[in-house]
Structures are given as structure tokens and as C-alpha cells.
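Look for chain A in each of the two complexes below; its partner is chain B in the first and chain C in the second.
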Partner chain A sequence: MLPAAAVRLEAAGCITGLGDTAATHAALLRGERALALSPVLGAEGGELVPLALGGGRNLDETAPPNWLPLVQRLAAAIPADEWGSPTRPVFVTSSNFGVGSLYAFRRGGDPGHLAYGTPSLCVEWLARQLGWGSTVTTLSHACVSAHLGLTLAARALHAGLAERALVFSFDFISPFVTGGFHALKILNAGFPAPYADRPTGSIGLGDGAGFAVLSRDRGEFTISAQSLYNEMHHFTANRADGAGFAACLGPVQAAASGRRLWLKGHGTGTLEAGRLESAALAAAFPEAPLVSWKGSLGHSLGSCGVVELALAVESIRTGRAPGTVGGVAPCFTPQVALESFSTAGHDGVVCTSNAFGGAHAAFLLTHA
Partner chain B sequence: MPDPLKTKLKQLIVTTLKLEDVKAEDLSDDEPLIGSGLNLDSIDALELVVTLEKEYGIKIKSSEESRVALGSISHLAEFIRSRADPARLPG
Partner chain C sequence: MLERYLHALSLADPGEEDPAVTRERLRDRFPKGATRRMTQLGLLIGAALDDLVPRYDDAVVYATQYGETRALEGYLDSFPAASPTLFQTSIHPSAVQQAMITRQQPVGEFFPMTGRGHLVAQAVQTSLLSPAPRVLLCGGEERGTWLLTRGVASDRTFAFAVALTAEPGGALGRVALRPEDGTGGATEFSLPDFFEALKARQALDRPVGPGARLILDWT
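Now for the complex of A and B:
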């Protein structure tokens, strides 16, 4: 996909297993881990795996979904506007939407779950709960979903189709999701250690939701040179030479020339993708410290791009970026920052996400 | 005399993955299962692992362990023998 033109970021926020943006950022700086070993199938038990649930929420499905209060709390932080009106479109992104509800219906037969079980029904319900109008676009592209929302929102703004755009991303884990990753053997009893060169990889899964308000010319920050790239190589695997990662970073690298950067990587804790991603980032930005926060928060799937954008903004505002919580030496590259560091002296952060099937996304965030 | 576990594993692979034009007896003991002439991919590996866990009551804990176990029919047989209840093994 061609890179999107630069766009201003007016506001961003998130909610994670550690709380809201400020609470999450502060806890990450303290090196706290939201992930805790929990039964992979909730009330049905199973192996203990690292999960991070928001606000004391239970993994098991309810009707309506028990994550609604978390979404409502997050939505209260969105600057008030006529969201969902023709000039204030909303781009909703998720990887799983309400698929847990569909699985709950499949298992228990309670038709009450069906009202949230498909992406369209789930988003329509969410829009009603949050008071949005009908100009709501639903997008999904696995774990780069949030980046796709940011890119399309930027394009709508530059095409004159919107004056202000809201990107809203959410993914709340459920037994369907945890069971699926567990079957893949990448969600196991080990805590994730992003970018660690060790014999066995593992990820954690976490709740996450976030928002970003974009406009053409207002806001303290700029998101520039957004890039999306799909390898079209294999429906689960990346090319072994890492060419897909490098191809995605190319446009961002060009836009970042001359800047002193830090890097917020995807870094889930899997070995193969972690090795490829860190090598590509090290080649493109050899001096920049690299962090991932999924060793604490878990992977919030399709929402991670916006969740981590909000945390990157908070890092710049407060002058300190959390390190790679849960990471351990030796790492795939010496650039991996295990400890927190000052963002002073840096004039931009490159944020990346990657997804199943060789989908890659990146953008550069700077002060306006 | 053929190893009955290896013979059983070859049959399981052909039937579980619905391999067309491949006979169990054609599978080599030592050829890599993934990334070889069989053209198996990660989804096939997942399907195979789930079947093996059910069939032999074993647990494959990580994708790295799965990769080692699926190194070849011989690797797989060795892995299963080291983990499974002997009563569940053929012959």
C-alpha cells in the first residue's frame, strides 16, 4: 500500500490490563507485568498461560460483554465531538470483535450472545452504546488492524472526506482467542520475553483498547509516513529473509532521515518473528533503542497499534519511555532496551506492528 | 521388521492431512516432515500436533518443541515414546 500523507494527532488514549494510559505508562516504568498465569479456557480450566485482563474482568463471556465498562471508561476520554457524523467519521478496528460471544453461543446455546457475535453486529452495538452516528467504518486486518484504521483515517482527511477522524481499536480476549493461540503452541506456560534469544518462545495475550483523534492541521504530534506492506508469501509465515519487514520500513526510514529516533517494536515474544523484526529495525535504524511492551501487557492483537501509540505519546510527554519489560539478555540485537530511558534528545519514535500472513505496518510519530 | 509406531504415524499423517497421491509406505523415516517434498505447512503441523496429542495423550508445549518433534518420522516416534503411556503405543 502506498504510504499515507502526514496527519496530525490531536489526542490518544488507551486502556490495558494495567489501567488507563497514565497508569499503564507509570506501571511499565516501574517494570510491572500485567500478565498473570491464568487457565487458558477460563472457567473450563486448562493449562496456565500468561493473560492480562482489564479492570478485574473475567475471561468467560457474558451477554452483554463484560468489557463494555472498560470501553465506556476509555470513550469518556475521547474529546467530545459529533463522532460518526459525515465530517467526523469513526474507523473501528479489531482483530476479534465479538467472536467470543459467537463461541459462547456455540457452546452454551444462549441466543443472548448472538447480538455481539459478528463484527458488524458488535460495532453497531458499540456505536449505540457510545453515541456515535452512522458514519462508522469497520476494518480488520489481524494484528495490523489499528494501523490500517490510522492510514485510512489519514486518507479520508487528506481527500477532504473528513475534518476530524476518530480511530477506535479494541480487542478483548476470550476463551476462543486464548484457546486458538494455545493450539498454535505459542501461548504456553512461559512468560513472553520479547527479542530474547532463548530456546523457546512464548507470547502473552492481553486486553487492549485505544483511540486516536486525527486531523489535518491541529494537534501536538504528527503521524507521518505511515506504511503498510503485505508479503503475500504464505498465509501464516513471513519470508525467511525478512524482506517483508524491510519493505515496510522503507518509506518510514526515508521520512525519518536525519532524526534521532527510538523504536517501539511489535515484539510479541515469538522467536522467529522477533529475530526478523529486530534485525530489520537494526538495519534500518542502527542507532535507535528498541522496546516492546508486550512482555508486560501481553499482545492486544488488532488494537495494539493504537494502544501502543497512546503509550508512545505518553512517553514523549513525560520524557521517559518504558523499557522492554520481561525481556532478558541475550537479545537478538544489542539495541534492545531492557530498561526505561529518557526520550529527551530524541525527535521521533517509529512504531511497528506485524501480523499473521506477513502483514507489516509502521509509522513515524514526531512533535508537530 | 518395520517399527509399528513409525508405520502407525505414517498412516496417521496421510489420513489426518488427507494427503492425495501419497501412500503411507512411501514416507521416509528420516525426511523432514515440514518443508520437504510433502509440502506440509504450519497449518498442517498444527492439525498433526492436535491429532497426536489426542491419539497418544501427550503434550507438546511450544512451537519449538513441535518443530523438533516433527523433524522426521524417526524424531516423532522417539518423541512419542519418551512421552506417551506405553500402553497407548502399538505393538
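Now for the complex of A and C:
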């Protein structure tokens, strides 16, 4: 796949079940886990499963959605600009948007929820709340959604259509999505242990939102070799030979040649995908330590690519990357780092995400 | 100005055809047994894409405001015993994935997009910015049932796919986006409007989004 041209990263930030970027990074370094066992359907009960909700938020939907204050807190950290004007476009990415509101309407009958239930209604409402103009593009490709926003923003910048671009990603969990993953049996009573070679796999789900401000020539960091690949092999499984992972990593591997890397993987805690992902990363980057933070934060779905980008930036800035919180030995590959480590000996990080349908995304993050 | 040439076009306008009828009508377009769990939108988008013979190095851009409405309705109705199958098929961008997975058709770039009044402008821009040699721009909706009565679903079913390349020779038409100052009047241009223009082979030269003018010429 042709990689997108490099762009500079001016600013990035996130909010998770552990707080803002700095608080989340610090808690991950301490090995803290945001996930806590909670009823899968909120007030309607059900099995206790690992969920990480932000800011004391309740899983049950309200109208307007109770995650708005979290988004507003995050948005306050975005550098001020005329976001949503033609030269300052916004690229919004999510998997769920406000679909939890449709669940709340169907279960409770309150039509007040309907105003947030479709992606377009939800994003238009959000844009009004955050004071954006109407140049807002919305992408939704499950758990690689954020990467698509970064790629498209880079292309708009290089085509001269934008002078600065904001990628804004969010996903707040609801019984709609917890019920779905529970029905698939990968959200269960077990806490996730990404890349652990154990008998049963499991994931956690967590709130997440993040932003990235991109430009052609300003900023401390560079995002390059953005790569996308779609296996279209199975809805919830990858090709058994790992070819999809390798196809996506190829352009990144070429761009990162000669660098001393570390890897921020996808690592949800499922077994087969974790095995294939860690093997592909070890083959492409045999010297690089691999971490996933979803064992603490849970999987923040369509926002994870930007949330974890912000945490990777914070790791480089502070000189220390959190390890794979929740992971346990034995792991699928010896490259999996269970403990935190210094980033001083490294000059780049490869960030990857994967999604339903065998979708893969990756990029290289380096100092400018 | 960004532009590409339109080399192939496939349209589906089944009116109020029942999803079961669509499934039976299009059954032979898909591998044996594959259509049983496909949505109406998946069937229609899948047939439209099939007409364009997707290739490994194509980019696919998919535009829909509501997506897999009937699967979403069914999934919501399945609680508290949530249906895993309907969960999967209700997730954006399931329609294209249903079709391409049944055909085991990998693709590098896949940009699923959603929105309302500016969705066409954004999907066209995404198509024109792609470095892929050929872009398959597809889209559509399926008519809802109880979500439609609440105004949060499409009131019609349709699907389209067009193939766009940089090669002018033999083209059916040209698609371009021209920047403008944004003072040209109403800018909203919906996906059904775009579908109607494709169906009628109507020439377009109009604002479709903030600072963007869509040009559609036919040869």
C-alpha cells in the first residue's frame, strides 16, 4: 500500500478511564489498571466484565450523553484555532458515536435520546458544543477509525487543502457495545492480558477520546509511513498465516530501517489476534520491545489509535514508556515488555491498530 | 483542482423491495450460501462493487448516512440477549465488508465515511486525494422500519458504485472538486441527491460543501 506523506504533529492529548494524558501515563507507569468488574448491561445487570469508564461516568446513557463533560475537558487542551473552517478542517473518527442513545431509547422509550443516536446527529451536536465550523469530515472504520483520520488529514495538508488539521477521536462505551462484545464471548469475566500465552483470551472495554493537531511543517514530532490494509477474510478473525499484519507493516518497516524502535501494538487480549500480531511485529522489528496498554485502559475502540498516539508522545517526552499492564508471562514472543522502560535508547515508535474485517493500520512516530 | 475520470458506474434503485426479495434476486451474484446473513444494503453494495470488478490495488471509499439500519434495528431488539451476528453486521462499515469478505477480496485502502449534507463532498474529496490508481467510490442506504418512524433512518433504499482513475481515455465522465470562497449559496448536497444525479447522468457544477464546488461532466 502506498504510504501517506509525512506530517508534523503539533499537539496530541487524550482522556481515558485513568484521566488526562499525563495522569493516564503516570498511572500506567505505576502499573495501575483502570478496568474494574462491572455489570455488562449497566442498570440492567448481567455478568461482571472489565470496563473502564472515564470521570466517574455511569454506563447507562443519559440525554444529552453523560460523556460530554469529558469531551469538553479534552477539547480545552486543543490549541485554539478556527477549527472547522475550510483551511482548519476537523476529522472526527469513532466507531460508536452516540449509538448507545438508540439503545437507551429502545429500552426506555425516552425520545430525548434520539437526538444523539446517528453518527451525523451526534457529530453535528458535538461540533456545536465545541464551537467548530462546518468543515468536519467523519470516518468510521471500527477500531482503525483514528488512523483513517490521521491519513486523510495528512493528505489534505499535502494537497494544500488545509493549513492545519485537527483529528478528533472518541468512543464512550454503552450497553450497546458491551452487550455486543459479551455476546461474541470475548468480553467476559476475565481481565485482559495482552500477548499472554494462556488458555482463554478476553478483552476489556474502556472510554477513550483523543486529539491530534497536524501540520506540514510545525511541531516536535513527525508521523510518517501511514499504512492501511484490509484482509476482508473474516468479520472477526485474521488470516491464519498473518499475511494481513505483514502487508500493513511492510511500508513502515521500510521507512523505519536503521532506527532503534519500540512498538505500541494493538494488543486487546484476544488470543489468536495477539499471537499473529506479536509474531508479525517480532518478524518485522526483531529488536524492538512491544507494549499494549489495553490491559489497563481497556479497548477504546475507534479512538484507540489517537488515544495511544498521545500516550506514546507522552512516553517520549517523559523518557519512559509504560509496559504491558495486565500482561503475564509466558508471552507469545520475548519482545513483549511487561515492565516500563526508558525511551532514551530509541528514536522512533511504531503505532499499530487492528479492527473487525481484518483491517490493519500503522505509522511511524519520530522526533521531527 | 482535484479531478478523476469516471470509467464505470453501477446503480441499484430497488424502490421498496423487501430485503428477502432482494436476497433472492441477487443470490447468484455471491458465493453459495453467502447471502443468508447479508443485509439488504450489503447485497446491493456488493452487487454494485462486483460490477466494477474490485482489484487488490484499488482504494474503496464508502459513504452512507445511516448504514446497516435493519441490522441495527434487529440488534437493538435482541436485548437483553444481544445477538452476536446482528452486532457484527450492524457495525459500520459492514455492508462493504459483507460483500468483500464473501469474495475474499483484500484491498489496501478502505475509507468508510458518514455524515449528512456534506457527505458527498467529503467522500469525493477522499476519493480524489487517494494515491491509488483506481478508486471505487460507493455508497447507499437501506430503508428503515421502526427507526424510520422516529426519523433516524433512511426512507429509501439505493446503492451505487463508480470507478475513478486519472486516465481520461474512454471515460464516461469526469468528477472534480474546485475550491471556492464559500459565498455561492446553499452547500448541502445529500447522498440521495448524488445518486439521482448519477442515475440521470445529470451534469453538476454546484457548491457541495464549505469551500468546495462539485463538477460532474458526462461524455
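Keep this in mind: the second predicted complex is superposed on the first by the 367 of 368 C-alpha atoms of A that agree within 3 Å, B and C clash if a C-alpha of one lies under 4 Å from a C-alpha of the other, contacts with A are read in each partner's own complex, and residues count from 1 in each chain.
Simple rule for what comes next: a residue touches a chain if its C-beta (ideal position, glycine included) is under 8 Å from a C-beta of that chain, and two chains touch if they have at least 3 such contacts.
Not measured: the values here are computed from a predicted model.
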{"item": "Partners on chain A (chain B, chain C) - clash or fit", "value": "fit"}
{"item": "Partner chain in contact with A:Arg218 - chain B first, chain C second, else both or neither", "value": "neither"}
{"item": "For chain A as apex, the angle formed with chain B and chain C - C-alpha centres, to the nearest 10 degrees", "value": "70"}
{"item": "Of chain C and chain B, partner touching more chain A residues", "value": "C"}
{"item": "Partner chain in contact with A:Leu271 - chain B first, chain C second, else both or neither", "value": "first"}
{"item": "Chain B versus chain C as contact partner of A:Ala183, first or second or both or neither", "value": "both"}
{"item": "Touched partner set for A:Glu231, first chain B, second chain C, both or neither", "value": "second"}
{"item": "Chain B versus chain C as contact partner of A:Gly201, first or second or both or neither", "value": "first"}
{"item": "Chain B versus chain C as contact partner of A:Gly133, first or second or both or neither", "value": "second"}
{"item": "Partner chain in contact with A:Arg260 - chain B first, chain C second, else both or neither", "value": "neither"}
{"item": "Partner chain in contact with A:Leu102 - chain B first, chain C second, else both or neither", "value": "second"}
{"item": "Least Cα gap, in Å, left between chain B and chain C after the two complexes are fitted on chain A", "value": "5"}
{"item": "Contacts on chain A seen with chain B and repeated with chain C across the two complexes", "value": "183-185, 234-236"}
{"item": "List of chain A residues in touch with chain B within their complex", "value": "183-186, 188-190, 199-202, 234-237, 270-271"}
{"item": "Partner chain A, residues of chain C touching it in the complex", "value": "2, 65-66, 72, 75-77, 79-84, 87-88, 91-93, 97, 100-101, 103-116, 118-119, 122, 125-126, 129-132, 147, 150-152, 179, 182, 209-212"}
{"item": "Of all residues in chain B, those that touch chain A in their complex", "value": "41-43, 46, 49-50, 60-66"}
{"item": "Residues on chain A engaged by chain C in the complex (per definition of touch)", "value": "1-2, 41, 44, 46, 85-86, 95, 99, 102-103, 105-107, 111, 114, 117-121, 123-124, 133-142, 148, 152, 155-156, 159, 161, 175-176, 179-185, 228-236, 244, 247, 356-359"}
